[in-house]
């Protein structure tokens, strides 16, 4: 393995090294110095994130099993940034006494899921794709069940692992059909052979169902809310942002590179599921009280918008989806960061407990406001640009009705985002959540998120870079 | 490949097995039996892979290897799932899936 | 030829019957045993198709590993003699309908497809080939998945440990402590 | 050639005065404000007289006709490429005549008000409004184009509104002012539509072009027709609607009697002498079009005028509020003027009616202002508006009495007072044109004499009512205007209108037609005689008569229930049956729909929550059936 | 620095200044200085614009600044103004300036209030200077959202409901606009070539008719919602009634004008062919708006509701005039926007001031205010008179131009609609005078009101500013009208090509 190959695979390799390093540190760490494991891991991860941005060659390895191009690099880097933010946000939670004894495991599991995602994104073969998918899922289930003392956490874990194994079963079943009808599992070969035979469509649909589970597309979304609610906040944010983002990324890659020949079919499928996803997600979100659950449904509807961007199968679509994921990471993590901070400090997660928050915690309220506005697509925040580009992509192929449905749905989502805003800023409360000062990591992470929300939108360079590296069907 | 048994038989067999697994998943109350249903599903996938490989594309071994890895993944999945199930048992003192519904709507 | 056919029908009969029994049996340990039969019969099928290595893996890892794991967990969590209550008829009916519909659609679609076998000669599967392929870095080489699955297994191990780990010395949750 | 550019000051001075008094008035001493306003008006009165002199006697005539001089013109607003609203000053015979009328009366009223309004709260406000009114009215008559006229028309309306509602704490005044404005506004809408039709078809707003017999309005405008009438006829009828409103012709007359809630000098100025004749002026201004291109519209003018004059005269006989009597009398007299215009032709002796109308306008301004100011003096003395509270006042108020008598004689058409001359011309014109109208006007002349002397006798004769305070003559600021106007009313009959103000601006010969004049004087005398019998001494005759014609009397007394009809339309129809349903519709249907969308969304959200049951197996069930459904749909149904 | 970009920059700087300041009193001062600067700047802009035109600059838009923003989508930050936008900018800065003074007494969360208010203003300014559809849309949405907070936090009555309704309906409108914009964009190169968001570029090509038939109604209705087009106006009464004073002012005065302006600039300007074909539908709707709003206003009891419905009527007239598609009517529409903006702002300012004294907005509970608070009452009368279209005030100029223009259509349909619309001047008079009569005139009904104090200095600043502009336009409409007329030329020539009438 030469240096070029190393550089090609550096995301995965460095993460593996990181995981192992953390494991080693854990072994040698005394119980007092455990808290510094977080610091160590985060610094390590930050370094990896930066290294990820270094210029890199592109190409394929292992006879096409592994493939790197600029698009995939960007995707990985985006995931890295998001994960870094999640890690920073988790520090407060990890420092709690009850989680004290398994800090390093947290990092190892999280990093290994990221390894899985990276492999998944770099996959050139369905086997790598499958393994990456599993690697990205199984540890998360464990993380969801991380709080052993918490019933809800355990419930979230079991729901996630069982549904995910079923969905990977379904996905595999689809893969067998893909294999059976083409005789290969290499992406580039399948791409040339996959046509519109019934069995092939069936295979695609099974495959799609498995993927849709990861992205929480209706009707494969029902686990989302329960798992989000039960899992620890930071895991929820990881699930809703990184895990979903990675799934979307690989979904784009697969759709664009493996199934270009059946674009007519998958456009129809995506059309239907996009409409369903947005609408159902919104309809459920309206009536949520628990913020995590609320954000779960919000993220479902966001997935619907993402599908809208995908449907055209064009370059703009790909770029806008990647861009949107980036924006979504910042926005959602800003919101989750606040939820996590409050949940960790005061244990409150319900919307009506946020009543009058602005009076006592103006900073957090403002961050939340910005995050929600960005999610809702309000200018001048990045979410606005993201949504606009998504819809532009769909409109480019003439899906005006879909765009209209999507935009109307954003109104519903704006409605429930405003409900939270209303709780924080407008509703009166005799005893709002007391004033508290969040610790440095939280503030750092929130600061980065806000900067991201503001800058990502205005700085067109980011979108342009992504655009130049995207491709269409 | 001439075994005297057409490919289609294998496929139908796998399909039946797959949906038997699905049925199990949908109806069994015990979490462990649900896990067993999952194993059925994965096994049916393997049969499919193997059959396709052997009948249609015997010059390469993609299906063969895929099923090999599926088995490994299934094992690790089962391990984690069982760990969680045991944890559930600790928390809820039951592993009836219908009782694990504290979060809803 | 005919032996093959007989073998196939035998195995498939076992698989179908015991699959259904696995998902319907009201005694949990029996269900586990039925699952074992299914897995073994599948291994038989692999033998029949000349994939002996796979059959061996199936027997050791699947039948040997997973089923044992399952049985252990059964022993940990359930009373062996306990008989499940029968499934609610509504649930059973609808689930059966869904499954049968799914199977029907799938089978119809499969039957609809004209499979065409490749003209190239079949590869003899022996240990050498398997080993070479697993460690090859070129096309149709599986070293990378092989490595990745090792990470997966490691991660799964850590995951299982995290969940199963007893609460640490400073566990503040009195309930958990009391229970154990 | 005399330049008239200075005439813009006739407009500017009152405007500046209005601004000054309006913005700074409350900081000045009230008396100073009054004097300022009055002196401003003195200046423009002087300017007006100079203008009249220069125009009628120093300006050359072309083809024997007075020129129409545009003294000043500036584009104010460009509407279309052809149409633009100008603000300017047009000098022609009728505008100069109106200048005289307005400034004279207005000046008198200003002086009069110094005494009448003394000590009133808002004295400076009063003068500001008066200045505003003077400005608007002068602007109206000096307008060079119909849109400018419309602008000032509206301004006149608002000053009238403000002045009627001067006692803004008095609910009746507030109501009256509102009514006046809305009714006239409604009429103005017609005016506006008329302007739009007119301007669209002629591509001009300019009076000179419009009224030029060879101009586009008359030459081609009558061609296109709609519903049987030519476009010009339609537009003239609509324009006339504005005139009907402002001049309080039937059926828009209802605001005028109520407008008497304003201070009496205001009634004299606005609701007797100047503003209410704006409608007449308007028709006169557009007269060539009426006469040459829209004769049907002219007939409408005639009939409306005739009917109003009769109608109002009848009502006037029954009213007891002296200002109301005068108000109905005003309507009646304006009806005369309208009729005169309506029966007139264009050019030369044909245009007798036109000339008569203008003549009557002039004389009417004098005597009606005089009547109102006299009434003001009486009210000032008696503190009441009602005839029943008066009687025998001739002892206490000698000057008022004399001047009032002159005015009554003038309006009754008794020679040698001016009313005799102008009325005679009108009757002559009517006679030559339409006998029925002529007959009506004859009767009205008699009724007029009757109710005026009913008023006169009731106030100044009859028994001496016991007054709480002995009535005394008004201060000198009030009597001087009375005297001046009385002189004007008495002698203005000698002005040779046929030489000055004619339909085609050319002089023509006209003489008093004794055949018509003598009977009319007799009828007038008859009316006076009956009035004397009824009211000269205390008599039960009127009551008996009223009892005999109970219903007629009741109807007339209640103004033929026109007010009630209006009330019905506004309160019931517009308020109850249009506005409230509209508002209800808005709240419940339109708004309700929007709310319903939200409610339905919420309801759906509630209904489908069952999917999220927390049951893992149900989730998977949805998952699996979803996948199967997708397969069925996309493989077998929508492939 | 491009002068137009300053219009966005100054508010942003003002906001920054406010954020940095701790003392609540200084917040107001900073806000008023910032917006005062803005007012001066717009005066400067008007001056520069007019002198450039006099110097013979005949470009469609002046002061154009065009920076590529998102290159791949051909999105630019493009600003430029013609007479219409200059006029609208002038209006906005006046109203915002007055609005700052009208909210001088605000005590609760002062800082946040002014930040939101100025943010709203930023959106509006940005909207008017944009000539790129994307930036235009961006600023539009930017303007809508602060409304929610402003009404929700500082409002009164059912403020949460109203704020939500307003926001959602306006965002619903923006949904239509978004689709419309995208549709225009993707049809902006019918012969191939680069597709554009730039209004000027798009206006030079002809969007295919098929697309126009779809996207014209979408954009028109989208902007129409903001312009209170029947039956999408219902956000307006509730929103107005719950909003705090300055917000009502800005909202009715400026924000609703985004609707008219957008409908003109985007819907009509870019798709005149479809507009020409489909105008009749919307003419009917707007005519209904005009009359319906006026009739609804008659029976309202709450001052703000009266004004809100009056705004429906007046803004309906704006859209009505735009749809008439000739120079005069459109000119009138623009003047009407400005005029209505000023006078309705004045109205709302006064209502706010009266409310802060009497603590009620129900006209039946008040009476005879003229005697106790003469200054405010006189201002109210002036506003009322301006609203009912009295000459000398801006409303008259606007309405007359509209009616004269609308009547230029020789066919019966347009004329009948015009005549129906004209009836509104009477109905307007009815409700305006009714309010004046009940509220201000007559004897004082409530003895508590005897001790009310008249306007404070800041209130006077606010009202006098507005009144002076109303009167100014009313007395000397010529230059405003001619400034706008010239800018209408491009669209008119496009329309004339379709329909030589």
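Order of writing sets the labels: A, B, C, D and E. Residues in every chain begin at 1.
The criterion applied here is as follows: a residue touches a chain if its C-beta (ideal position, glycine included) is under 8 Å from a C-beta of that chain, and two chains touch if they have at least 3 such contacts.
These numbers were taken from a predicted model, which means no experiment stands behind them.
Novice: Provide the labels of all chains in contact with chain A and in contact with chain D.
Specialist: B, C, E
Novice: If I average the Cα coordinates per chain and compare with the overall Cα mean, which chain comes out closest?
Specialist: It is chain E that sits nearest the middle.
Novice: Using the touch rule stated at the top, which two chains are linked by the largest number of C-beta contacts?
Specialist: Counting C-beta pairs in contact per chain pair, the top pair is B-C.
Novice: CA centre of chain B versus CA centre of chain D: separation in Å?
Specialist: It comes to 96 Å between the two C-alpha centres.
Novice: Taking each chain's centre as the mean position of its Cα atoms, how many Å separate chain B from chain E?
Specialist: 65
Novice: How many angstrom lie between the CA centroids of chain A and chain B, rounded to a whole number?
Specialist: Using C-alpha averages as centres, the distance is 27 Å.
Novice: Per the centroid of Cα atoms for each chain, what is the distance between chain A and chain E, given in Å?
Specialist: So the centre of chain A lies 42 Å away from the centre of chain E.
Novice: At least two other chains touched by the same residue of chain E: list those residues.
Specialist: 168
Novice: Two or more other chains touching the same residue: where does that happen in chain C?
Specialist: Within chain C, the residues that touch at least two other chains are 91, 94-95, 98-99, 102, 105-106, 109-110, 115, 118, 140, 142, 145, 149, 152, 155-156, 159-160, 163.
Novice: Find every residue in chain B that makes contact with two or more other chains and list them.
Specialist: Expected reply: 11, 18, 21-22, 25-27, 35, 56-57, 60, 62, 65, 69, 73, 76-77, 80, 83-85, 87, 90, 100-105.
Novice: Hey, which chains are touching each other here?
Specialist: Result for touching pairs of chains: A-B, A-C, A-D, A-E, B-C, B-D, C-D, D-E.
Novice: Considering only the defined contacts, which chain B positions touch chain C in the complex?
Specialist: For chain B paired with chain C, touching residues are 1-5, 7-13, 15-24, 26-30, 32-33, 35-37, 39-40, 43, 46-47, 50-51, 54-62, 64-65, 67-69, 71-80, 82-87, 89-90, 95.
Novice: Per the contact definition, I'd like the list of chain E residues that touch chain D in the complex.
Specialist: For this pair, the touching residues of chain E are 165, 168-169, 230-231, 233-235, 237-238, 292, 295-296, 298-300, 309, 326-328, 368, 370-371, 385, 388-392, 396-397, 400-401, 403-405, 407-408, 410, 418-419, 422-423, 425-426, 429-430, 433-434, 437, 440-443, 476-478, 481-482, 485.
Novice: Which of the residues in chain D end up touching chain E in this complex?
Specialist: 75-81, 83, 85, 147, 150-152, 154-155, 158, 161, 165, 168-171, 174-175, 178, 181-182, 185-186, 188-189, 192-193, 196-197, 199-200, 570, 574-575, 578-580, 582-583, 586, 590-591, 593-594, 598
Novice: Which residues of chain D touch chain A in the complex?
Specialist: Those residues of chain D that touch chain A are 601-602, 604-606, 608-609, 611-612, 614, 616, 618-620, 622-627, 630-631, 633-635, 638-639.
Novice: Show which residues of chain D lie in contact with chain C when the two form their complex.
Specialist: These residues of chain D touch chain C: 617, 621, 624-625, 627-628, 631-632, 635.
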